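Here chain A shows up in two complexes: once beside chain B, once beside chain C.
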Partner chain A sequence: MTEQEFLEYVQSGGQVETDDWMPDDYRAKLVKFIEMHGNSELMGVLPEREWILRAPTLQRKLALTAKVQDEVGHAQLIYRVVEDLGKPREQCLEDLISGKSKFHNVFHYPTETWGDVGVIAWLVDAAAIISQKALLKCSYAPYARIMKKICWEESFHILHGRDVILTMMNGADEQRELVQEALNRWWAPLMQFHGNPISPADDPMFQWRIKSQGNEEARQQFLDGYVPQIWELGLIVPDPKLGKNDEGVWEYTEPDWAELKHVVTGHGPQTAERLELRKTTRAETEWVRRTVLAEAA
Partner chain B sequence: MSERAQLLLPIADDELVLGWRNSEWTGIAPFLEEDVAFSSIVQNEIGHARALYQLVADELGTTADALAFDRSPDEYQCSRFVELRLVPDWARTIARHWLYEEADEKRLEALKASDDPEVAGLAAKIDREEAYHRMHAQMWNERLAEEPRYLEALEELRPLVDGRGDHTREFAALWEEMTMVRRSVAGATW
Partner chain C sequence: MIVYEVFRQERKGQAFAHAGSVGAPDAAFAEAYAREQYGRRGESVALWVVPREAVAEIHEFVDELQKNYHRVDGYPLKEKLKEARERAGTAPPADR
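Coming up: the complex of A and B.
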């Protein structure tokens, strides 16, 4: 099969298995994309982990612990897919810590209050599930298969997040303020989440059918699904231009694409601190991995 | 407070506080597999605390959450052993895990033999989950059996297992943190 034939094959809906022949460029793009997904699941644990200790009821503590556990489990599954493509998990973790590989923009920001915990679980996970559902049709079949389990679990996170938000919105004024402030903080990162509106024709991830939808299409889907719900709760979206035009397309203030680029290249407000935490805890537990691996050898 | 409440509260407090402490490993355990395993253990521990508090709460006319969160720090009856903040020391974490499971097994055996059918029934239910914690602790106890820092940790922690009464200084900080959101808006539902 030539590279051109392979391209036509995936563009007509064909799927590829681990042992099938694939062009080097396709393999490299897959590794980069899937590794970033794994990194994001793992880094996504950090904004929430500190709030596990602060969860205000036993039920919330259980739900948040279970959610974070799912994310670590997703990282485990996803890194295994990367491993089968030729890059070991330990190498992925090293590259993550050194800043060589990337993770999603939303995980570079601080979690200021319990309101943020709700907004992350509801809206960040909602944005993520839109991207992940589109991966169910990924041309790389092993990745598409694990996405079924991941999407299923993510849908529970959204329910948990929505419940946290609803409870606060039905509570005291101070609680509603916490939610509104959190929404104000998270709106810009959420609008940047699906990436700049590059045309699918120019997006190599779409050309190889690693992704099956364009960035703008995903953002429109997010706005369509969630803005009405946000409004219904009495929250204000911090964008005066946001609205649906006569053609049914959402219009909004142009997101700050320079900020997105700056953040994902390792310069977000929490990037250094979170990578440092990974680095130090990894160093502190190095002896455990050495001991276990020596026994296994 | 009834005899039953006096019996169950220290156990519930142990499970709650140990669950809180173990959750500090979430996201930073030495292996992803251990991260997932410790999260499961945490969920069980918090679930056990909740069930035990519920039995007491029914009797006292309050709720499990109120018992877990709304008492002052000096009202908690957990042992100093579970209060210790051990992260990121895996050797001491596993030593505590192993010693706690060992002591908890004996305590559950006694509860299972209780004349109080509700207490005995709950203990049996808890013990079915603890059996997996014991397997996990056993596996790590074997893995680290020749590791000097693990053996030192066992020596250090063994005498502390049932030290009750005064709290450690670390407990005050833990209590502050675990109740901060709840205390931030008086009487709110979360």
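Coming up: the complex of A and C.
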């Protein structure tokens, strides 16, 4: 098979297994994309971890702990896929800590209040599940297959997030304020989440059918699904330009793409602190890995 | 680390289907990881945890002797039925 034949194969819906021949560029793009997904699952637990001890009830503490376990489990599954493509998990973790590889923009920001926890679980997970559902059709079959389980668990998280938000919206004025303030903080990162509106024709991830939808298509789907849900609670989306035009397309203030780039290249408000925590815990648990592997050998 | 393939059965009586893989130092860890990854929400009633090395994968199915009597295409009934119907005078009218 030539590279051109392979391209035509994936573009016509063909799927690829681990041992199949694939162009080097395809393999490299896969590793980069899937590794960033794994990194994001792993880093994504840190903003929530900070709130486990401060969660308002025992039920919430347990739910949050379970969500953290889910996300770390996703990282485990995803790094396994990367490993079968040739990059060991240890190397992924090294590259994450050293800042060589990236993770999603939303996990570079602080979790200021319990309102942020609700907004993250509801809207960040909603934005994520839109990308992940599109990956169910990924040309690389082992990745597409694990996405089924991941999407299933993510939809559970949205449920948890909505429950947190609805409880607060039905509570005191101070609680409603916490939610509104959190939404104000998270709106810009949420609008940046699906990436700049690069045309699918120019997006190599789409050309290889690693992704099955364009960035703007994903953002439109997010707005379509969730803006009405935000509005019906009496919350205000902090964008005066936001609205649907006559053709049914959402219009909005252009997100700050420079901020997105700045943040994902390691300059977000919480980037350094969170990577430092990963580095510390990794060093602290080194003896566990050594012991376990020595005992098994 | 050893790679273990995990198969799960969703309900009693159903076939085990491949669920994914876990990396583990030994069988005991593999079992623990498989339970956490594929069984903690009641989504499985049983799991098979198998070292990847133990799975034999087969891709080529060469039919050197043209054994079409194993397959549906070895039995071209349509033409024969048409002929038999004509012989018996029970063929449906040609222009319907």
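Here is the rule we go by: the second predicted complex is superposed on the first by the 297 of 297 C-alpha atoms of A that agree within 3 Å, B and C clash if a C-alpha of one lies under 4 Å from a C-alpha of the other, contacts with A are read in each partner's own complex, and residues count from 1 in each chain.
By our rule, a contact is a pair of C-beta atoms (placed from the backbone, for glycine too) under 8 Å apart; a residue touches a chain by one contact, two chains touch by 3 or more.
Remember, predicted model here, so these are calculated numbers, not experimental data.
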Chain B versus chain C as contact partner of A:Lys137, first or second or both or neither: neither
Touching partner for A:Lys32 - first (chain B), second (chain C), both, neither: neither
Which superposed partner A:Gln175 touches (first chain B, second chain C, both, neither): first
Winner by number of chain A residues touched, once chain B and chain C are compared: B
Chain B versus chain C as contact partner of A:Ile52, first or second or both or neither: first
Contacts of A:Gln76 with chain B and chain C, given as first, second, both or neither: both
Partner chain(s) touched by A:Val292 [first = chain B, second = chain C, both, neither]: both
Touched partner set for A:Arg60, first chain B, second chain C, both or neither: first
Contacts of A:Thr281 with chain B and chain C, given as first, second, both or neither: first
Doubly contacted chain A residues - partners chain C and chain B: 69, 73, 76, 89, 292, 295
Residues of chain B touching chain A in the complex: 19-20, 23-24, 26-33, 35-36, 39-40, 42-43, 46-47, 49-50, 53, 64-65, 68-69, 88-90, 143-144, 147, 149, 174, 177-178, 180-182, 184-185, 188-190
Touching residues (chain side chain C, partner chain A) in the complex: 1, 3, 18-23, 25-26, 29, 33, 36-38, 41, 57
Residues on chain A engaged by chain B in the complex (per definition of touch): 42, 45-46, 49, 52-58, 60-62, 65-66, 68-69, 72-73, 75-76, 79, 89, 114, 164, 167-168, 170-172, 174-175, 277-278, 280-281, 284-285, 287-289, 291-292, 295
In the complex, chain A residues that touch chain C: 19, 69, 73, 76-77, 80, 83-84, 89, 145-146, 149, 153, 292-293, 295-297
